[in-house]
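Both complexes below contain subunit A, partnered by subunit B and then by subunit C.
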Partner chain A sequence: MTIVNFLIYFLIMVGIYALLAMSLNLQVGYAGLINFGQVVFFCIGAYTSSLLATKTGLPLLFCFLLAMIVSGFFGYVMSIPTKSLKSDYWAIATLAAAEVFRLVALNEGWLTGGPFGVMSIPQPLRFLFSMENYPLFYLFLVTLCVIIVFFALALITDSPFGRDLKAIREEEDLCLSLGKNTRKLKLEAMVVGGMVGGLAGALFAHYVTFISPENFWPIETFLLWAMIIVGGRGNHAGAILGAALIQIFNVSTRFIGEYVSLGSDSMASLRMVIIGFLIIIFVSYRPEGIIKEKKKVYDPRNIR
Partner chain B sequence: MLKVKDLQKKFGNLRALDGVSIEVEADSVVGLIGPNGSGKSTLFNVVSGFYEKDGGEVYFKGERIDGLTPDAIAKKGLCRTFQIAKAPERLTVLENMLLAAEGQVAENPISALFARRRIARVERKNLEKAMDLLEILKLTELMNEYAGDLSGGQKKLLSLGRVFMRNPDMILLDEPTAGVNPTLTTQLIKVIRELQKKEHKSVLIIEHSMKVISSICDKVFVLNYGQVIAEGTPEEIQKNDKVLEAYLGGV
Partner chain C sequence: MRKIAFIIAIAFVLSLVIGLNPTEAKEPVKIGILCPITGTQAVMSEDLLTGFKLAQEEINDAGGILGRPVKLIVEDTETRPAAGMDAARKLIEVDKVKIISGGFSSGVALPIAKYCQEHKILAVFQPPTSPLFRHVGSYIFLTNVLDNYKGKVIADFAVQDSGKTRFATMFMNNAFGKALMDETLKNLQKNGAQVVSKVVYELNKVDYKAELQRLFSKKPEAIIATFYAKEGLVTAKQAYEMGMLDVNKVPWYVPEMTSSFASAIKKIPNVLEGIKGLNPLPPGALFMEKFKKKMGREPITAYAAMNYDALVMIAMAANFANSVDPTKVRDALWKIDDWYRGQSTGGDKRFDKDGMQGYGKYAKVIIRNGKIVPYKK
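Our next item is the complex of A and B:
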């Protein structure tokens, strides 16, 4: 693989993870919903889109849209227990929900192909490009999605809705006392988060053209957490920065592996250990992350 | 306006509310006093829907509201503050005020995306109102500070500000002047009174300071051990033997 090809692959993965991190950040950084099952949206998006494409031959645009809708619907389902579970117990439920989906994908072979996964997933507009140029087009597609999602989320969070989410994060009882239907607000945050996560899943599936339950281990969720802890929560740029940094770290350790005589298994474990340390360091010394949540400042002269 | 009938609330074997009946008429300020642990805050928590009752009925504007969720009760126009003032830490003072404003648009992602013009218009109107209120509460200087950085007293003021932004028909105030300096307390009393006179709001207020009670309340209920032991005008209450005993009991 040439350097350029590798760079394109790397940037596409950064984009996909940036989408996932932004989606997690909306839930965690804004609404304070401790979601330990974010990978489930990635999983549902990837499977929905690739199964629709391979089994029904639906146009890929619709596969992507349906992936977002199904994944957003699952965000709704996941938000239901917030009514009766305290946030820490809900966090455990999300972790379990993600595992349930991975195991369903692993065992319901008639639908998902089981451990063999879904193969030869068609790629959008593949016929327009040569083998060499296609990744570049895909990078463009992913970048476009990241830009659109970034601005859409920025609009959503810079609104009374975003303000409500932040208030729920900090004082849910206060929101209730002001007549805010906090359940509905959390639900909406989960649905939006689910849709963005589903989009990332679909983009991933149609890029790598082969997915299996192996892609959706809970560790993916924790990588996403590392991204928003390092990059910074409560702002969308932090999520993108975190995605880029963690991916750079992942890739760079791969190259180091060529010079250090560690087996690839040990190297993969070591990588997780280092990311774990990184999380501890950030939580202890810079809990707000690299990019701090921005304070909304009003100029009194502009108000009157 | 608000009618509480035979309200019961138990915590284990403790009867926090033991058949409390009170009535707050429209356009009046009613005080609620009693020693610590007499059930005042519990009454607020049950009426505002934060605690489930164990018996009894609550009517607001003639409608039964017990069993509703706190946000549904607030939407009906019955708003409360908390004894320990709550303030979302990483929202500024001004954002806190805007958060509470009535009639907001775009409190959902779809309108947040597509109703930008309307948002800007409504936010502008709310900002003006918020600035006026902050002026009264002497918080103008702090408008762009995080609410988490305010002192306890300032948080109390902010919680009053939020309630005024919300503009409900009836306000439940849980010790609004605790921790607020005397000058500002006098100011606050004036604000609450003016608001009540001008907009004909009903107010039910928990307060320990007799000075505050006698200067704004038309009527006072006294709670002790989860029961109403006396009711009447502030003057009558101050002369009531049972009340004196409850407060000074054992001395």
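Our next item is the complex of A and C:
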């Protein structure tokens, strides 16, 4: 029960949000796909993994993997009807898809527990650790996932595939004229994004051990947007930095309240106002975010 | 020489500062409060906090807990589970609070309750009323009556009062509505009534015509429905326009009268005429008087009094146990609940074997001339 425990909890949440932000960043920052329904991957990952674990008793490693696969598959399904849409319509369609899924989770009580949610979700390797040490292990697990995802995504975005995604973001028609199959590329970006989002969802569910549809309101998506707007689009480090900053901000206002004469009840309302301000300031004065996307100059002799 | 004078001056100032520090003031007992200050339930937060503050003042005036003053640390849950968890973790791990109260919505409070149970933190929550709370563990107490009980009361009341057998029901789709609905349906059946249509609606919509049409599609003889303030206003207005609020033909029974029609009764009182239902028993006269004195108005929700009861009971239990250790306070809660005359749910605050409120009562009410008044047949 010390501040260290709070720090560990805080870092775990930063890690989970960082995964979600990286996933969103791949779609928005690289491929230019305005996804307003990012929370759906989080939701699917969390539900898939926790339902498999509680209902079938499958080993948790498989639950995590299946959560990623199902979530990635949903990214694929979501982009089939929407793949020919332009960015703003894409945004509306994704927002709707996320709400549809949340409503399914809320109403199909026989499967998801409906509004009561899923309780008593088992935790990976829980029996190996004492109650005090377990969060530390979980922090290690989340950090490991963040590092692996970071390098995996870096590998993907540095490959020709990543360059193609950026080309779609900059000028889709040009990309088409070069003979690239932009629909397929977008679809692949959604699948990869979905898998990373699903992983974050599974990590979240097995950490808090209780999920309900209330966890997946659209507001979560917009917090993620705030993270990548502040951190910087088009690079993975920016997404992680943004996740950490918004989370620090969210939590620190709880502490400042005691020293400022406002009292914690006024601080609570102020928090939302300040996050809104932060977004406006960044969008108007530093639209590229804190970490600017690196401009890469390619040597024409090396490009085949 | 100037240097020495300077040092003496500093020493003098320091001694003054230290001297001013009252040595007799004891370290306060910190109690964590979780409150929905922002988010969909924010309307009630001022009242909810006032309930706690009134109790705090009273406890401190009477000598506090074991002679130490009570300090409330308030955190916002934003009516959002993730933020609620942030708040609870901060209270428990950083402020080192051992006793928590507040909570409000079930979705937010359930994961927190589980966390409290695991770490042996005493939680005396108010309104979250999902039946799942019953099984979380021995450190979790509620000061509001569980919905299961209310479901039985409204079903018995509706069947006996109306004498009808064909019912239609309408509940919101969340943990609160679902729990209440399940219990209501079960008890309607027990009473030999038939439920011809069960409507479940989503919150925050601007139009409930489709739901109302489904509610009336199979010609029910009586309705049982519950709302929150916003949905109650829209539904009442639309039901009236569609000719569905003729209570002489088809009577309506509402399990939560005040919170269902908090807005409607101000804006369209005439259309609600004759709707019957239940209310938590109004707060005790003592509480009402104190609340009015502090705020200059009546509380909009009976939940404020439950918070008052929660804090007073915690203080009583701690004084009885002669300790602020959560386990000892928990054990003492079982003993003092018999003597304590509460200001909410009719005053009987006895806990059942799971720490839930098992003995609360409800007031039967009816809307007459735009006011909610006690109902007698």
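As a convention for this text, the second predicted complex is superposed on the first by the 277 of 304 C-alpha atoms of A that agree within 3 Å, B and C clash if a C-alpha of one lies under 4 Å from a C-alpha of the other, contacts with A are read in each partner's own complex, and residues count from 1 in each chain.
Please note the rule applied: a residue touches a chain if its C-beta (ideal position, glycine included) is under 8 Å from a C-beta of that chain, and two chains touch if they have at least 3 such contacts.
Since the model is a prediction, treat every value here as computed from it, not as a measurement.
**Student:** Regarding the shared-chain residue A:Lys180, is it in contact with subunit B (first), subunit C (second), both, or neither?
**Tutor:** Touch partner of A:Lys180: subunit B, not subunit C.
**Student:** Tell me which partner A:Leu103 touches in the superposition: subunit B (first), subunit C (second), both or neither.
**Tutor:** In the superposed model, A:Leu103 contacts subunit C only, not subunit B.
**Student:** Does the superposition put A:Lys296 against subunit B (first), subunit C (second), both, or neither?
**Tutor:** first
**Student:** In the overlay, answer first, second, both or neither for which of subunit B and subunit C A:Glu171 touches.
**Tutor:** first
**Student:** If we overlay the two complexes on their shared chain A, which of subunit B and subunit C does A:Lys86 touch? Say first, second, both or neither.
**Tutor:** Neither partner.
**Student:** Is A:Phe116 in contact with subunit B, with subunit C, with both, or with neither (first, second, both, neither)?
**Tutor:** Only subunit C is touched by A:Phe116; subunit B is not.
**Student:** Considering only the defined contacts, which subunit C positions touch subunit A in the complex?
**Tutor:** Going through subunit C, the ones touching subunit A are 35, 37-38, 45, 49, 73-76, 78, 80-83, 85-87, 89-90, 92-94, 96, 107-108, 110-111, 114, 118-119, 130, 132, 173-175, 177-179, 200, 202.
**Student:** Considering only the defined contacts, which subunit A positions touch subunit B in the complex?
**Tutor:** 152, 155-157, 159-164, 166-167, 169-171, 173-182, 184-185, 188-189, 191-192, 234, 293, 295-298, 300, 303-304
**Student:** Mind listing the subunit B positions that touch subunit A in their complex?
**Tutor:** For subunit B paired with subunit A, touching residues are 48-50, 69-71, 74-75, 79-82, 86-92, 94-95, 98-100, 104-109, 111-113, 116, 119, 123-124, 127-128, 131, 140, 143-144, 146, 162, 166.
**Student:** Looking at the complex, which residues from subunit A come into contact with subunit C?
**Tutor:** 1-3, 5-6, 9, 13, 103, 106-107, 109, 114-117, 119, 131, 208-210, 212, 214-215, 217, 219-220, 250-251, 254-255, 263-265, 267-269, 271-272
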